[in-house]
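Heads up, there are several structures right after this.
In what follows, subunit A forms one complex with subunit B and a second complex with subunit C.
Take a look at the complex of A and B:
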């Protein structure tokens, strides 16, 4: 089911706005992540999609149908919660059957359907256990099966992986992706973890303070961040951010004077600072001093000082010693300029 | 060494305490099987020569204990179930629903818990007599169909159930009614059992109220019946103790089976003893 928000605003007590004029469309059959720091309104957005929370103003459409006034039941969504919210007194099978029981499906049919779903999520060997006897990952599988039981129009997942340990998280996110592709259900996934969002989704919506910052593919978010917030939020290690005043004319001549005039912040991806001039893509050369270099596994980072500011690079190939001077080539495709409102005015695809 | 002494001391005190608590029960049991002269013998004997089970038969013959028993069962069952039903609904409303004046109402109800029960006997009696309910089962049951103590206890438990379970149930298509009876109540089973047991014991042992609102033999509950029997049986302690055993027997059985919940209930609420 395609989901459309038209100018949706939510405020508590009619005063404090939590979400401001959201406009977006989630295409049918895709897996979309809503990504943002805690308190940005992402779970609230999901609650409004589910129908558990009504918007203060604006309209919500499922396909062509206006569902703004409809409750959770009428919208037929399935939802998975962070703490799984399984019914502790019911067995795994009964948990999966619960929505079907509510929908008055016959006993035989609902059992068949529940077992089918249990197989899909690979939990069919635990059907008689109570949720308390399952591991976190298994509980999550049950929760997904339960959410899928009534063949929902949408599958909503609210931070479904944050209670799992790191290894299991990776396994489960692949599982969610697999289940989504097998069922083809439009899925909306809320997370604060960019890694999760980047790996799992077709599209990512970045939210901050109740505003949509950017809604695009993971690649576009990284290559063409629409503003400083997205540039800083997406990417690990975090992008280097400097004031334009930290540069002493290094960028002059390379970038239009008009753009430089309007620039306030400069973002440089750590991989755009190279100590070797390989590609003919160099924007500028800057001279830095190595403060510390570290190596763990295949990662190699160097902390640098540049006009009194700290920079981080992942692209130092030569063996360097701390305190050494190091000229670096600034790669054009990892440098972004932002104006005083944080809007990107240089870097990436100019028209993206 | 010091630890051992403390341990021994602890057990000695506990055993002494238990013995003191058990003494009256054992005396009751043993007396209920004694002959008339044995009951007044000094020094008292603990094990009668012949176990006189006929005391039970005679005691039950002497007064309509079976009728009392039935009355007690009816009153206890209806009061407990009724009170549970109203309390579950009220607790759900206070914990989950939003309505005008919810908090004020809650504080007022909480205030009623601070009024001693004895103070309510007269006003309740007057109300019931105006409703012409004196000397009916209604008098024994209706005033106890609501208990804010139970509402309060259940509300605390209901509130501890995560919101997400409620949302999940809503998404799964459950109405509030369905969520309450098929999710919330089963989840809160242990607290509900605890308040039920406390209520059953309270109802079963209730004395003052049934004594006041009934004056026909037909409506007497066991404790009232036993009191009446005391004056009828006079000093026949054997019969008296046989009847007493008969009265407390169901509660002892209940206690043995449900002591886990009773202890949990009392420690959880810390309000009733």
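Take a look at the complex of A and C:
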């Protein structure tokens, strides 16, 4: 089901606004991530979609139906909580059956449906156990099965992977993607982990301090960040950020003077600092000094000094020694300029 | 060291730590229990010289044949069955209501807790007035509903009911506090999940609150059963040192008290104590067995 927020604002105590005038539409059948740092309001947004929290002002639509005034009971969404919130006194089977029991489905039918779902999430060998006897990953599967039991038109996931270890996290996010594609349910996934969001979603909504920063596909988010926050938040290693005043005219002539005039910050992706010249794509050349170079696994990072500022690059091919001078070629598709409000005024597709 | 093996020295050291409490428990609990078990088999006993000239099971024979003891057992069971479920249900309901209000919650909690810290004798005095057949508040209120004056404390028909009402009221305070603690320990997330799963308020109560509160309910009922089996001071205070009109509130402990302090039949008193001990044990074991299957920790 399509979810639309129209000018939704939320404040807890009437004074402090948590979310400011949110406007967005989540298309039907997609998996959308809400991504942002802690306290940005992403879980709160999810709670408002679920109906557990009511917006202070604005409207929420499911399809073309206004559900703003309806509570969680009436909205009939499926939700997986961060700590799963499985009923500790019920077995796995009973947990999955619970929403069906509440919907007054007959005993036989709900058992059949629950076993079906348990198979979908690969938990059908644990049906008689209590949640306490399951591992984190298994609990999460049960929580997803329970959320799917009443065949919701909307599945909400609140940081479902944050309690899992690194390897399981990768496995489970692929599982969520698989389940979402098999069931076709519109899914909203809240996370603070950009890696998770980038891998799992059709679209990502980046939220910060109660404002939507950007709502687009993962690729667009990385290649065309709309502002400095998104550029800094998305990407690992983090984008290099310099003040325009750190440059001693290296960009002059390469970029329109009036854009440079308005620029305050320069963002350079670590992979856009190459020690080998690819003429067509090179925007400018800068001279840096190597402070340290390190290599782990297939990653090779070099820390550099440029006019007293630190830079990090992943694209040094030659063997370098610490303290050595190194000319670097700034690649056009990884350099962004931001004005004093943090809005991108150069870089990305528009200037490619 | 966490993996140190116990040695004689370390065991002695541990014993030394345990000693203060052990001395107190042995003197005031273990020894009296053993002594009363043995005493229940005294059939010829010189109290003044502390000489036992004969042991036997005559004491048990006596109480099993004594109609007063039969009455005491019956009254005790009626009291337990009357007090415990009512206490559990009423204190749970009040705790649920108190948990809902934000306004003056602390004040009401204190008010409800007061009976627990007030002396039984004082409480009994107040209830004495409430139950007064001519001027009592209870009859006054019942009068509004057209009920004729009931002589609560003088009629054998109503004495037990009067005792049960007072005891339930007296037990409420502490149990409400326990239930409030239990309610606060239930994570709000379970209610949110239940709402999402389509459970209305009643289903949330039966499917989340009741099962997750079961450890507290178990504690309250075991505590209540044990306490109610041992009821004595409420009777003594409410009926001015008698076991109620025509023994209508005679309980096992009251029977024991009479045999011990007024009739000086120590063996019989001890024997009734032993019977009470096994009755409580039986019920508690049953509760523990039941809890294994129905209490969710």
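Basically, the second predicted complex is superposed on the first by the 349 of 352 C-alpha atoms of A that agree within 3 Å, B and C clash if a C-alpha of one lies under 4 Å from a C-alpha of the other, contacts with A are read in each partner's own complex, and residues count from 1 in each chain.
As a convention for this text, contacts are C-beta pairs under 8 Å (C-beta built on N, C-alpha and C of every residue); 3 or more make two chains touch, one makes a residue touch a chain.
Because the structure is predicted, anything quoted here is derived from the model rather than measured.
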Clash or fit, subunit B versus subunit C on superposed subunit A: clash
Touched partner set for A:146, first subunit B, second subunit C, both or neither: both
First (subunit B), second (subunit C), both or neither touched by A:203: neither
First (subunit B), second (subunit C), both or neither touched by A:89: both
Partner chain(s) touched by A:77 [first = subunit B, second = subunit C, both, neither]: both
Touching both subunit B and subunit C, residues of subunit A: 50, 52, 71-73, 77-79, 81, 83, 85-89, 98-99, 102-103, 146-147, 150
Subunit A-facing residues of subunit C, complex: 187, 189-190, 192-200, 203, 207-208, 211-212, 214, 296
Subunit B-facing residues of subunit A, complex: 50, 52, 71-73, 77-79, 81-83, 85-90, 98-99, 102-103, 146-147, 150
Residues of subunit B that touch subunit A when the two form their complex: 162, 164-165, 167-174, 178, 183, 186-187, 189
Contact set on subunit A toward subunit C in their complex: 50-52, 71-73, 76-79, 81, 83, 85-89, 98-99, 102-103, 146-147, 150
